[in-house]
Structure formats: structure tokens, C-alpha cells
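When the chains are written out, they are named A, B, C and D in that same order, and each has its own residue count from 1.
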Amino acid sequence: MKLHEYQAKEIFADAGIPVPESRLATSVDEAVDAAEEVGYPVAIKAQVHVGGRGKAGGIKIASDGDEARQYADEILGMDLKGYTVEQVLVEAGVDFTNELYVGVTMDRGEGKPVAMVSTQGGVDIEAVAEETPEAIAREHVDPAFGLHPYQARKVVFEAGIPREVAMDVASILTTLYDLYEERDASDIEINPVMITSDDEVVAADAVMNIDDDALFRQPELAELEDETYEDDLERKAGEYGFDYVRLDGNVGIIGNGAGLVMTTLDLVDYYGGAPANFLDIGGGAKAERVTNALDMVFSDSNVDAVVFNIFGGITRGDEVAKGINEALEAFEEIPKPVVVRLAGTNAEEGREILNDELVTVEETLEDAVQRAVEYADEVSNE
Amino acid sequence: MSILVDENTRVVVQGITGGEGKFHTEQMMEYGTNVVAGAVPGRGGQEVEGVPVYDTVDEAVEEEDANASVVFVPPAFAADALFEALDTDLDLVVAITEGIPTQDMAKVKKRLSEVDTRLIGPNCPGIITPGEAKLGILPGNIFADGNVGLVSRSGTLTYQVVDNLTGRGVGQTTAIGIGGDPIIGTSFIDALELFEGDEETEAVVMCGEIGGEDEEEAAAYIAEYMDTPVAGFIAGRTAPPGKRMGHAGAIVSGSGTGTAESKIDALNDAGVPVGDTPEEVADHIEDFL
Amino acid sequence: MKLHEYQAKEIFADAGIPVPESRLATSVDEAVDAAEEVGYPVAIKAQVHVGGRGKAGGIKIASDGDEARQYADEILGMDLKGYTVEQVLVEAGVDFTNELYVGVTMDRGEGKPVAMVSTQGGVDIEAVAEETPEAIAREHVDPAFGLHPYQARKVVFEAGIPREVAMDVASILTTLYDLYEERDASDIEINPVMITSDDEVVAADAVMNIDDDALFRQPELAELEDETYEDDLERKAGEYGFDYVRLDGNVGIIGNGAGLVMTTLDLVDYYGGAPANFLDIGGGAKAERVTNALDMVFSDSNVDAVVFNIFGGITRGDEVAKGINEALEAFEEIPKPVVVRLAGTNAEEGREILNDELVTVEETLEDAVQRAVEYADEVSNE
Amino acid sequence: MSILVDENTRVVVQGITGGEGKFHTEQMMEYGTNVVAGAVPGRGGQEVEGVPVYDTVDEAVEEEDANASVVFVPPAFAADALFEALDTDLDLVVAITEGIPTQDMAKVKKRLSEVDTRLIGPNCPGIITPGEAKLGILPGNIFADGNVGLVSRSGTLTYQVVDNLTGRGVGQTTAIGIGGDPIIGTSFIDALELFEGDEETEAVVMCGEIGGEDEEEAAAYIAEYMDTPVAGFIAGRTAPPGKRMGHAGAIVSGSGTGTAESKIDALNDAGVPVGDTPEEVADHIEDFL
């Protein structure tokens, strides 16, 4: 789960990390008022869950009221990589001489959190990591102890942070780690930490993503969730609780288990088709979940045919078959051809339950995918 | 022979009184697994499927001589259950639970480095030695006794590949689902090493997926240390970069490593044929035998 | 540093451990009012830093107002092992069926905290530990991880705590450990945890001692310190910041370093004398500290002679000598004979500075102690 | 020969810019100790007594090839300084600091079990190999080169005993003050083991005090493993039970162990003569030589 910049900054500020003065605004008038309050110049920053806001025009610096009004008007309501901007953060401009990067994330290879510091702040840190990895100093953390203060200092000095601000940056890093741990973050970073001309440090941006699996013990953060989706389909997936990713093709795919669903996608591609989505109904799915899944895929107007691939372990083939029948019997006419492949637990019982007039049943994965690709081709050529 | 589990494995089920724990205890016993105890705090003295329940894993190990555990404890309490299991002298702990917070698992991993117990999972289907024992939720009926080892990050994909093998009469020594989480107890390399050391295993299937660099590291291991032939499969070739595909691990960073392409290349470079379909994987394995 | 029962209980209650309702009272009237408020029967408990209050008459159960008045009057102002009772806790009586022990302390042998649980609560736990050590279940804690919940359950079940309350007791133990860690306790215990007839658990007593070395980061606890001393001498030692223990003999002892001071005590005893005190002026002591130490020892009317034994490492003999001269020159007549032995850093310079008319200088420890014992004998026989 | 430190020891002083750190750096160098660096966060680039100061111990080790550290960092920051030192490949860390919170030291002790570095102290006077190097605050001039090893829980008591030895011409291989805190890095047994393995050490003095059971355990070790003769001294025979005598460790619980009597008995049972006075300890040692 992602926090907005303004939400993360509030948490950072509460923990003692210096942030610029700012106000949240949802209308142009509010934005201009906010700008007057914090004083010019101000940065007007779109609060949406997409990376690279700045390049995409989601951040502008206004030096007076006219500009503030103009930029707030431009940014509020704009479409940023599929998301509509509904709120902006109006923030006091910082007169900086230097921009640093500070962050904590999980190094899955090591199974340990890693603290990172770089003098290359204010730019795309992934690009820095790719092109000049040595420009980022890293320190792994023993999660039983947490980040020792000496480690924060060590990584800061290793990164070559100027001596004047080194101890302040180390202190920010220590606080960031504490937040990372207390709040169950998956990533937490400040890019950039700005150094002002009088050697003050300020968190000019704030990223904080929370481990979805830990939200049960972070109720205050769970409440901050801003469920904006790229479109209605993703919203529906969120409501139904599916792992869903929309893609460009026309073969709708439903399956159980991420690995098997990915494999089904790959096979659609392999047999010349184009997957329309990734949809994992998860383990032990009952009839209702199956119905919901079909509803989702049929709601996608790009879909010309559907392949339903279930290998039952916990999931029972007869339950799935019942769900498919129920879902399809509700239609006067089946919207798109559906190919079903059931294997594993109670697969035979399931195949017996399935109504051949509603679906095409195939025994093997390969056959099911090929059949669905054929159907999709036929439908799209109609 | 086989690896890690066999007819002598004595299993304690942590969380045996829960819905899943109870159901799969029944399934495991039906398959012939020697489930000797359950462990659920506060439920000591009860019985589930005729199996005695203890308040602590320690007692279950003491009283019933259990040497392996299967964990069905819900995510909020799962890390604690794993610490408990790792504090006994169990040889093996299999964590089925999905959705354990990643930072909890980082702490478990630290603890794991201090003890001799092996952890499989979490978020995995478990491990099976066909005809002897299964620890976890794998559907026993699709497996057959034989000479192929299998290690996989994914549950249902494992079943698919096993089905393709068994369907043509190719049985398995042991099949392990190592789990799809970012932090897991047993890696591909750990499992490959065990299969390499198992005399009965004549070929190994390794099913990977996008995300992380475990498959690349496994490829390097295979090239350097393995005589047993390995065939591979990589799920997620068509996954777009930056999107999370169900498994927490299955996200492509777009940075060159972690993609299906980089994994397939690494495996091919290590002499490992990678099937385009599960059926092709079975073909490669048949060629080896 | 020791907390009073009422202070510890406040902390326990804030952390969610159930405690009986209670009021603190410093006068008999207050105590009776408090008893009326919490309802009879009430326990009236002396709040002083001594063990075994109950046996010594510091705890009484009053079943009505007359008894409350009588007992409060008896306890307030009473002398309990040298301490005057100035406040009592008036606490609702608990109708219990069973008494347990729960505690956390540092096992210095292992270098790890240890959690302890026993069904033998309500009695002297040290005696239980001595006589039936198997009656106390113990679980060592990895301080990097803290007490895992499973460990709390394990030790509770091992101790044979009744199943009905086992999980509640485990939860109290987990909370106790958290407090132990967060508050830098050296010991923390509840003896007894009472089990009521309807299987509720209540902390009927509370012990919480804080690591003196950690008080710098526990400012709220440092403020709770109740500096009551057995007498003026110990108060003075507290003010001067000396490690001081009063003993029964008549040879006053001043030295630097605990081991050397203890050895000096032992030698006084070995040579037939009786040490009047342990007084360690610590490392690197300057003249003022030396003066204060002499002031302390002279203030003890039992002292007939003083041996001043300094082996300089950080401490410099010349500084000590100056301090001794200053202190003694302030007297018209030296109160008691003083024997000085200086060795180590700048010992020679020190010996030159010392005024032979004020003190007796000896070269060796053995000679100095023997001389002081002789002086003490002479003075006490006068 | 000697143990742990000698003329090749290259010392980094943590906290070299503080009053004590600076003073004792001077003293150590005067004694001939090879102090090669200081480490104080934020003070990198400065010099103290001609010694270069670095921001981190890591840099000091990298740049100056230090292999031992002496810690003069104030108690509030000392545990962190110890963790820092233990994270490098130093062979030895000597912690002089007094008053480190006990729970901090428990954590340090845990970390210590994961690394190869040896820790002496905290709350100790340090270690000296006469004529070669001293790391800590011991007054160098009372020591003399020779064949007696010394290990002690107390600072000034160590000086006293050494004085009695040197006074009669008995020199020392190495003297170690292990410190008086409840949790310390090097125990009596650790030091005794090292002396037992040192060819030049012909006899050992062990100075203990009341509290804890370290002396009892050391006695058991001596009885079982040591050929080198040991003479003992125990401070605190006259200490009343339940009173804390300065050292956090020096408290008699009244429970039978930890008293001077139990320690002296244990040592005597192990064949270790215990002197009634420091002078008598020296007598015993002379008998051995």
C-alpha cells in the first residue's frame, strides 16, 4: 500500500524529520490560499500514486499568486499516467545547494533490510542504481537489532555526504529505519534530502509504502489507503479481493495460483494469442469467487474469449464447476466463449457438473489455451 | 531414497485445530503421513483426528518424538509459531501460511541462521515424497513414486508440471514447493544441493518465475556443482515490467535481472534446457532418463 | 533504583496489567477516606524500600473503618528495618484462590534476561529458588529479539499454571518483559499474581527496580526516585555520589576502586579490627572528593581511626594528598587518627605533600591497615 | 611471549578526542603502545597526539591497519561504539567505559557470540604486556616483564597485587583486568585458557571478588584443564549479604553461592591456594616459580 507524499511527510515530521511547511489543497482557490500562507516560491505537487510526477508535469514551482493559480489549475484534474489528480500539496520552496538520497528497503536476496545513502539525490534513483551503483552506499541491517546508530553514520560517511551535514543525515536515516520497522514499511525513502545554504537538511519528498501483509497491525495506516485505480476494472478487482493485472490482449485468463496463471498467460502468447489480463482467484476458491471472476473478465470489453484454468489442490473442481454454471446460467446469452480446464482435486466431478452447452471443456492446459486463442481470433474477426 | 521427508518423518501440525489445519491433517494422514501431534496454545489435551494436541511444540516433540512440523497458523501469529518451532530440535519446518509480514520473515531468517533446523516456505504448498509422506497441501493423487526431483516457487504450477510427468509415467523422488514470498527458508540452491546428493534422483525439474535473482543464482550453482541433469521452466515471460503478479516475489523491476529472459538465458548458459510449456519440460526430463 | 509498589503498579496498570483499585495516603485520615472509596476489605501497605514488609508488620488487612484507622495509625510513622513509613497504599482486597509468581531479571551468568514463572507465589521467592528450584520455570531471552510470545506461553505451561488462566498469565509476562526492556529495569516482578474464584488474574504486588546506569535515558523514572536513606550518613553518601555501605566496626575505610576497598576491609578484619564502612571514592578523584570522603567518615561517630588507601592509576597521589591536607587543616584538632597509604601514579609526590603532623604515612597496605587497627584499638580503649 | 597484546598490536582509540581518551592515549603511547588511529564520529581528519582521527572504526581499520581498539566512549554511546568495533575485523576490543546499562551489554554479548573478535571489559582497567603494549588505563610503571599471568575483576586491586609481585622481582607476561560489571566480554575461564596456552606463563594470579559464580566456574576449569599453577585472591570476605559493594557484580545474594567463602572453597578444592592478603598471594606465586 502506497502513502501519498503528504501523508508520509506528516509521519516523518511527527518523528522529527525536518520537512518544508506545506498545505494540502483540493481546489485551485485552496491551493492559492495555501501558497499565500506558506509564502512564495511554492512547489505545487500532484498527490497521485505514480512515479516520475515531475517529468510528467505534476510538479510546478510558482513564484507568485498568478502562477500559483495557473499551475494549480493545470495540475488539479490532470491525467497523470491514467490517474486523475484530485489533490495537490502546496509546499514552501527550499533554497538548496545540494540534493541527497536516503532510503530503507528490504534486500530480498539477503533477507535483510538495507539502508541506502547517496549524494545523487533529486534524480531517478533506480537509474543511478543501474548506471553507477557505486554512487549508492548500502548497509545491511540485522533485523533483530535494528539499524545501529554507528551503521547510519558509517553509510553516510561512505556515501561521501558533506561533513557539515553528515551527522544530521545519519540521524534522519536512523529515524527512517525506526519508522520502517514500526510502521511495517516495505520501502521508505527521501529523495531528495535538500541541503540548504546554511547547512540545514530538509526532506523535500517522501515515499512510504506499507507491507500489505502487515496492514492488520497498522490500523491507522490502513485508514490512509487511497483506493484510486486506473479504471473500474482494477477497482472491481480490489473489491473482490483478486490479484488482477490488466493487459493489452483479448484472451481473458482466470486461474488459481500466481505461477499457474502466469504460465497460462505465457501459453496464450506462445500459441499466438494475446492475454487480456492476469487474474488469480487464489487457493480454495468457492463458487461465489468463481462467479465474481467471470463477471470481471466479461466486464473487460477487450476480451473476446476466456480460458479458465484450475489445478485443484485446496481448490475443488466441483466447486469451481458449480460457480461457472451459476455465473453463465445467469446470462441469456454467454457474452464470450469460455474454455474450461479442470485438473487435480475433484476435477472429474467438476467436469461432469459443467454444462457443455455453456462452456468448452478441455483436458489439458495446452489444448485449453489453444482453443481459447482460436475462439478469440474468431470473435475478433467477426 | 528421497530428500528431507520419508516414511519415518514424525509430524507435528501447528495450528491443527483451525479449519485448514484440520482438513489437511486429515489429508496428510490419508496419504500415509505419520502425523503424531498437534500444537495449539491453550488446546493441550484435546484430540484432532485422533492426534493428541499439545500447548507447545516443545511438548509435542518431547512426548511424541516429532521431528518435523507443518505450520497452518494464521499470518498474524505465524512468525511466532516459526520461532517456536525453530527453538526445538525439529529437523524440518514447513510453513504453509500465506501473507506473513516480510519484516517478520526477516527476523525468522535471522533466527534460522542460528539453528540447524531447515525451514521450507512460507507461502508454499509443502513437500512430498510420493508413497511415503506429504507435509503440506499438495494433492497427493497426482504424484507417483519415481526418480525425478522437483523444486518450484509456485504451488499450482508444481501440480501442473507433476501432472505432465506422472501422465507419461515419470515418477518423483521428492517434490518441494519453496514458496513465492520475498524471504523464504529454503532456496532453489538448497533444494538442488539436496537432490544432487540423493542417489535415487536422476533428474531434476526446477520451476522458477519472474522476480528476484534466485533462478540466476541457481543456474550458476548448477553449472558449477551439479552432475544430475536439470530441466527448467520459468513462468511470467509475458508479464509487463513493474507489475506485481500475485506472488510478492513475482515483480519485474525492469532493471535487467529478474526478468524471464535473464533467467532463461542464465539457465540455458548453465546447460539447463528450459521448456516453453510444461509439456516440453516433461519432454526434456524424459530425454534425461 | 527502586520504585515503590504504588509507582510500579501505576506503570503496570498503564501497560494493561490488571491491578486492584487503590489510593496512596500519607495520613491516617487520608487512609480511612481511601479505604471507604475502594471498599472493604482493604490492604494497608507501607510504601518503603525494604523487603519482607508483611512479616515485619508493614501490611494489614482492615475489614471496616475502625480497623482501617487503627492499622493506618500503626503503620504510618512506624520504623521498618530502619526506614520510617511515610506513606501507605490502601488497596481493595482480592478474593483469591491461588497465588503465582511472575518475574524478569538478568541472568548475569548467561548474560541474558530470564523470565520466571512459578505456582509458588505469595511467599519469599528467593527461599523457593533455594529450596525447590524446580518449582520455578525459567526461560532465557535473546535480548536482540525480546521475549517471544511463544516463550511466555512455554514457561507458563512449564510452570504448571492452571489452564484457565495460562494465556492471561503469559500475556502479563509478555507485558512485564516489554516494560523490563523499555524502562531499563534490572528486576521486575509480580509476587503474587492472584487468581480469583472466577479465574481473573490480578497483580497484587509489584516490584520494579531500575538499572542506575540507565537512568540517564529514563528521565520520568529518575524523577520518581525516593531518596530515603537509613540515616544521615547514607544520605550524605548519596549527595556526594560515593559508593558507601555502613558497617558495624570502628575502623573507617576510604579507598579507590571497589576491589581494593573490599580488600582493605578484609585486611582490617584479618588484622583483628572491625571495618566501620565501605567507601569507594572512585577513579580519578580530585581534592574535593577526598575532602568529602573524610568528612563522611568523620561524621560516623563509631569511627575511631581511619585508613586511607589509594592505589593510583587514573587517580593521582599528589591530588589525593592535597585533598587530605586541605580537609585536615580545616580542623583545629584532627578528630580521629588517619593513616594514609599512597601507591601508584604520583605516589611519591603525594607522600612528600602529606603533612606528617596530621597523618601517619605507611608504605604498604599491610602496614597501613595494621597501624589503623592499632589506632582504633587505642582510641576505643581511651 | 604473552597473550592478546604485544609490540605488534596496532591500536585504534574510540573516543580519542574526549578528556580521558586523550590523556590515556598519551599515556599508552608513552608506554610504547602502537596507537595508530582514533575514531570519533564527526572528527575525521583531525589529529590527537599526532594520531590521525577517523569518523568510523571501519576507516581506521582500513587506513591504518588497526587490529585492536580501546573504548573510552561515554556510557550512553558506549554500546553503539562496541557494536561498531565488533563489526570490523579487529582481533581485540578493550572497553574501559564504566556505567554501561546492563541491558545494552546483554545485546553486545549476543553480538559478540556472532563474531570472532574478543572483548575485554567493560568497566575494566585494560590489558598490559609489560614492556610491549598497554591498552587501557593501568599505570605502566608498576609492571615488569616476567613469567606470571594475572587476571582480575578489579582495577586497583590488580595494581596492588602486581605491586606485591614486582616489588619482589616477579614480573608478568600479561595482566588483564576483565572488569567488574555483571556482563563482560572475557571471563576468568577465557583468560585462564589463554594463559594455559602461553608457553612463557609459568604461574597465574586470579583475583576475584564476591558476587556471581565466575570464580566457582573458573575453579572447576582449573581443576580439569590447567597444568599451569594458579594462586587466587578473593576480595569481599567481610561484605555483608545483600549489600552492593561498588561493583555491580559485587553483591552477595545470601544464597550460598557468590560468597567469598564459596569461592575460596571452590578454589582450594581445585588446588588453588588463596592468599589472605595480596602479599600472601605473591608468596604463593614465588613458591610456584
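Note that in this section a contact is a pair of C-beta atoms (placed from the backbone, for glycine too) under 8 Å apart; a residue touches a chain by one contact, two chains touch by 3 or more.
Values in this document were obtained by computation on a predicted structure and should not be read as measured data.
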| request: Among all other chains, pick the one whose mean CA position is farthest from the mean CA position of chain B. | output: C
| Pick the pair with more C-beta contacts: A-D or C-D? | C-D
| field | Chain centre separation in whole Å, for chain C relative to chain A (CA means) | value | 57
| said: Between chain B and chain D, what distance separates the C-alpha centroids? Give it in angstrom. | reply: 50
| said: From the mean C-alpha coordinate of chain C to that of chain D, what's the distance rounded to whole Å? | reply: 28
| said: Quick check on chain B: which residues sit in contact with 2+ other chains? | reply: 107, 111
| request: Give me the residues of chain A that touch two or more other chains. | output: 142, 144-145
| said: What's the contact topology between the chains, one of line, ring, star, complete, other? | reply: other
| remark: All chain pairs satisfying the touch rule are A-B, A-C, A-D, B-C, C-D
| query | Touching chain A in the complex: which residues of chain D? | reply | 41-42, 44-45, 55-59, 77, 80-81, 83-84, 87, 107, 111
| note | Touching chain A in the complex, chain C uses residues 142, 144-145
| Touching residues on chain C, where the partner in the complex is chain B | 145, 148-151, 153-154, 157, 163, 166-167, 170
| said: Residue numbers of chain B touching chain A in their complex, please. | reply: 20, 75-76, 98-107, 109-111, 125, 137-139, 142, 152-160, 163, 180, 182-183, 207, 209-210, 212-214, 233, 235-240, 243-250, 253-256, 260, 276-279
| task | Please name which positions on chain A make contact with chain B in the complex. | result | 106, 108-109, 111-113, 126, 129-130, 142-144, 181, 184, 186, 211, 213-214, 216-217, 243, 245, 247, 255-263, 265-270, 275, 278, 280, 283, 311-314, 343-345, 364-366
